[in-house]
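Can you keep this structure in mind? I'll have questions shortly.
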Amino acid sequence: MYAKYVVTRLINAVLLIMVTVLVLSTIFSSVSDRELKAQVEEQVLAAVRTNRGYAQLNETEKAQFRQGIRDNLYSQYDLDKPIYERIMKYTASILTFDFGKSLRMSSRSGSNEVKDIVLEALPRTILLFTTAETIVVAIGILLGIKAAQRSGSILDKGISVFAILSSSLPMWWVGMLMILIFSYSLNIFPSGGLVSLPPPTGIEYVIDLLWHLTMPLITVILVSFGAWAYTTRNLVIGTMQEDYITVARAKGVPERKVLYGHVLRSSAPPLVTMITTTILLSLGGAIITESVFNWPGMGRLYWVAIEEFDTPVLMGNTFVTVFLYVFAMAVLDLTYGLLDPRIKVGGRR
Amino acid sequence: MKKAEERGASPKVALSVENLKLYFYTSRGAVRAVDGVSFEICCGQSLGIVGESGSGKSTVAFGIMNMPPAPGKIVSGKVTLDGVDIFKLPEEKLRKDIRWKKVSMVFQGAMNALNPVYTVKFQMTEPFIYHMGMKGNEPEVVERISKALESVGLKPEIMDRYPHELSGGMKQRVVIAMALLLNPALVICDEPTTALDVVVQAQIMNLLKELKRKTGIAFIFITHDLSIEAEIADDLCVMYAGKIVEKGSGMQVYKNPMHPYTQKLLAATPLLHKPVDRLEFIPGAPPDLINPPKGCRFAPRCQYADERCKTEEPEHMIEVEPGHFIACHSVRW
Amino acid sequence: MNKFILEVENLSVWFPLRHTISEVFSRKPQKYVKAVDGVSFSVKRGEIFCIVGESGCGKTTIAKSIMGLIPPTSGTIIFDGKPVEKFDRKHLLGYRRITQMIFQDPYASLNPRFRIRDVIEEPLLIHGIGQNRAEREKMVKDALTKVRLIPVADFIDRFPHMVSGGQRQRVAVARTLVLGPKLIVADEPVSMLDLSIRAEILQLLRELKEQNNLTYLYITHDLSTARYFTDRIAVMYLGNIMEIAESDEVIDHPKHPYTDALIAAVPEPIPERIDEIKSVPIKGEIPSAANIPPGCRFHPRCPYAQERCRAEIPELREIQKDHFVACHFPLSK
Amino acid sequence: MAGGDDIRVSDIREGLSDFWKEFRRQKIGIIGLILLFILIFVATVGPYLTDFPEAGPRWRDINYWQDNPRSAPPAWTNWLTAKKDMPHENLRGYYENIESNVRTLQYNYTYAYDEPPNNLIVYISTYYHDAKYPPKLNFSIERPDGLRVYIYETYLNLPTNMSSYGDYSRDDRLVIGSSPQARKTAMDFAKKYESAYNLNRTQIEFVNPLLPLFSKAQPGLLISKEASPLAGKYTFIVTLLVGGASDEVNESRLLLSGSVYGVLGTDNFKRDLFAGIIGGTSVALIVGLLSAVIAVGVGIMYGITSAYLGGWKDETMQRFNEFIYSLPMLPILIAIAAIMKPSIWVIIVLIAAFGWTGVAKVARSLGLQIKEQTYIEAAHALGASGWRILFKHMIPIVAPYSFASMALFVPGAILIEAGISFLGLGDPTIATWGQILHDASYAAATLTGMWWWIIPPGLAIAVVSMTFVLIGSALDTILNPKMRRR
């Protein structure tokens, strides 16, 4: 039964991804049309400039020469085909993880394959955001439980207030403040970037990387853990009102075990799904925060692609994000079913 | 209380509750849910606490366990269980030595009394771990769980199931089996059959009667149903608006109810085999326990109420016959 | 004029179970929860007809089906000689005016954002009765007076949560009366109320019946109240009617083993019989309506079941005057 | 449908007073409410209390800001530092008619700072009648040490094509601090006191004419590090020699441009940040509230309708909802913003278009719960039509919930708009806090330590979103338990 549910849910997710990609390709293709054509003209000019024999040609020959290159490029970018055909082709290639070549960017190894560029950015985002979110989840859950345990105490109220405050702050602005304080005023941490220039080697590289990592990491944690603690607190308090928790107490189960055994285990389905989605979604990076810290991960890549109007990179990155998101939603449904013995099938609803 | 001696049960007092007060502190004021309740039970005996919704009967149970549900607080009183004044014990000792070991509970609504994410076995193992210092995987534990399940008429195999895989009656049996695991001195049954259909209810009642006879455990039965109490309670307390208005042996209360509330309540109970033309009812509604009436709490609904009833609370219960008490100014006997 | 106000013939209400994809491919037949499965009975003008049964037996489904809230899968409902499902929308509206329903939970059946005035005015607005506000207000006040929520001015502008449970149920009764109905379907109207006020509502219902020439279809699980309040009883089990007869006849001389078991299971306050183990002849619990046993659907739990019961479905037949039973081997008590 | 006469004013009044009684007990809600009132006041009246009431719409108009100092910290930073910088000062003068053809304007100013003003600008509007005799303006300073320096002299000339007689009026902006004439007169003044060594190494082109004028008349007054500021009362005198008796000065003021400025200083583009932040309040409130109202309104209607219809219609509506829900909002929004360069209204609609799905999901599950309630069944049994049940029974139950979710939607919307603006994709025609931060980030304000450019806009965002989080959580605690109670 469960296996069947998994299959249906995954098919559902794949369909959703396909529809989304189709819609996005339509938008991007129609918009990038003009951009691509301008791009082609640039490349034609570049070809003309670098071709030594060009100056010797007469006017018609010159025009022919230019048209030849142009046609060549048009067919390379499929600009000679009708737009719907391009959309379909584009969708198909995206769905087969073929994102094409970047128009303007290249990876550090010099490849201009979108896939390489994205794969270069992904581990950096994992290093920053996935690490940060893992710490956030850990701190948040621990604090949330403590707050629920002493509901109404100063700790509890403090956490609620902190959650309200921190969820009102833009993370990227906190990042700017951190730079102002720790880079400009105190000069403890670098203001941004992945490593110093020129990058050191060996163990020093790792230290340098961690040194660059610290401030963005602290920023993400500082802004995010309050909300986590608050959510956990509410979940735990909700569960603590269940009859079976009273029964566990009446059974003489020690308070610690009631909390970490019964309450937490019963709150596990929503918590675990929240953790899974948070971790999965962290892979997409945070566009603005990464831009503030000049952290060359997925988020900043996305931003650079927008600024440079590099449609293939933009599309590739969007697809990866959408894929992660939809996949996270599916996993969320599925873990719920796994963790709650009452729900073998049927998902969240 | 004569009956107990006749049956040869030990006259040793299993539980005594003296002047228990448990208030809920809400934003509107203190709700006097249990307001000066006293009673005692002997070993092997059963006591019924009967009352309508909001009479505070379930809250008494939590008071005995010293587990007032939030925002409740025990204001005063003394609960002596097996010779131990449990309000004087530190929480840790209470947890280790009293709860479930000395007094266990069968909760209202078995559906919610079992944790949905744990198997029956896990939930039945816990008392052994926390009171007997066992690991929980010894064959002895499994053996005792099997025995307990069998004693309530369940197959031991069901211990590997999750609560949602059991029917309502089975869940109620599991909950009863769980309460008996450690052979406590007292089991409190809070509405043990309310959510069940009449046939299953009769089965569970039979089970409880058997257990009562076999085990020598003292039982408290809390319910709103006078008929069910009649089947099992040796002694009976009738509660109204946070107070006991009448207590005595089952025989005394049913045959010779003295408090106007008890009289009316019995007259309002339809009997299957003794049809009447007209059932009685009590006009009005129970009082608001934040601002209870000054005098007797039943006075506004009582046909015998006079000036004294409206101004003066019946502080002490009057013994109308040996072992039969009422809290009433007006009834003449 | 027809003797019967309501005739139900061969009524079935089946709920389709979700068909999984693999079941569609393997061409397994669609499964149903047969909540009501071929039920026939007739309600006489001016009587109180009772359907009694355990939870999940389909009694509430019948009520809702008669009210047009759940479309029947098959069968006919004849009201005043006219089949109901042939009514078009206009007639259905007319039908809903003369058949009314009282629900079990007075806390849930009144919209919490409506004042009592609005609750009772709502049916008038729906059916376009009353020329203007003043006229409707008079009708609302009349209805409240009828259910003795007096002085009317004290209640009319309150919200449901500001009055007691019994008063709330009287508001629900007033809502049904305001349209001048002929038949009232009362689905456990007192089971959520405290014992001390149940009789009050039942007496009110009985008086209103006399004053307004009403007929009641009374749905309950409580045999004691049924005997006290109703004229005839139909006993339901798993979507079928097992026995129909006059109330006293059903209780005193049950012919169906299930009825017999139900009666045996009912607790009664007889203190002499304390701790007596009751003989509940049937075992287990009512099975799911998705898995109905073949033959007599009661046979797996019936102490008298024989080979014939496993194979052949018993018809509901008249074995004495006005006493119908669906059993191959009726009891002869 | 029931007519409007079903709603009684007394009902509403009573309902509101009940609600208020409960709300009053929510401390956080009261704080939020007070903040909201302050914000609304700031958004409506605030701009007129600043020097630049048009800060919002003219944020990108260089001319509007031209007289301000560049990158000046807030004036109050003087309290914190030992070195006292001169704040930006607008002086109003008093006017005297000394003789029939002389008009004198005097400005008094007490100077007690460590740095001379960056600039000195005279604004004067005059009118006169005879084109042959335009007013002649003379600007001089009387220093605390009694020295009077004549700095600047000019004719407030006509444009050449004017005829000789008529009513002529003109507005002049005389930038004294950077005029070569003033530099020369200041130099002449300085020569009297300055050491030969210093004079030798001074190039006149680089002299700030205001430095010697505001320094003690002693050697070193031309060199900023050596000059010793002369504290005390200065009088700036503007004398007009006019051609006719009826020639007049209409209006005049004198601007001393300092190096600290106003409440929150200025940015790289000389813009008054305080005015910008006050001007941005209304935008933030509009973005937050409008998108919340649209999103929650659409979400509630969608969810409830879906729940009510049930069956395949519900299924289809849910699929569509899930489709939108599965799209990562911010990346797509940013991409759309980058492509479309939308106006603030389009951004609001886009935020709402992505934001309604969550509300719709909750509304649907609420709707399903309500649909199962007995009073809905009772309404069916009474013969109520579908629409009646939807509008009269179901939506009023959900409505209170919608207020809480509206309030809780606002912070998210504001943060998203700020994020989009921060990336430079916002509406370019108005000032928003995100845009101020964008400019700050673009100018690397974090690395030049211009904290007054970074902290206030972010705090403003935080205060507005916190206001609504507070109100929202208070509403949630009051309204939601009621939903669950039965």
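Each chain gets a letter, A, B, C and D, in the order it is written, and its residues are counted from 1.
Just so we're on the same page, a residue touches a chain if its C-beta (ideal position, glycine included) is under 8 Å from a C-beta of that chain, and two chains touch if they have at least 3 such contacts.
Source: prediction; values computed, not measured.
Using the mean of the Cα atoms as each chain's centre, the chain most removed from subunit C is D. Distance from each chain's C-alpha mean to the overall C-alpha mean is smallest for A.
Centroid to centroid, with C-alpha atoms defining each point, subunit A and subunit B lie 57 Å apart.
Subunit C and subunit D, compared by their mean Cα positions, are separated by 68 Å. For subunit C, no residue reaches two or more other chains under the stated contact definition.
For subunit C in complex with subunit B, the residues that touch the partner chain are 54-55, 164-167, 194-200, 202-203, 221-225, 227-228, 248, 251, 261-278, 280, 282, 285-286. Residue ranges of subunit D in contact with subunit A, taken from their complex: 28, 322-323, 325-328, 330-332, 334-336, 338-339, 365, 411, 415, 418-419, 422-423, 437, 440-441, 446-449, 451, 454-455, 457-458, 461-463, 465-466, 469-470, 473. Taken in their complex, subunit A has these residues touching subunit D: 16, 19-20, 24, 27-28, 31, 164-165, 167-170, 172-174, 176-177, 179-180, 183-185, 191, 284, 287-288, 291-292, 302-303, 306-307, 309, 314, 317-318, 321-322, 325-326, 329, 349. Partner subunit D is touched in their complex by these residues of subunit C: 64, 67-69, 92-93, 96-97, 100-101, 103-105, 107-113, 115, 118, 122-123, 125-127, 133, 172, 175, 179. Against subunit A, the residues of subunit B that register as touching in their complex are 65, 67, 69, 95-96, 98-101, 104-105, 107-109, 112-118, 126-127, 130-131, 162, 164, 178.
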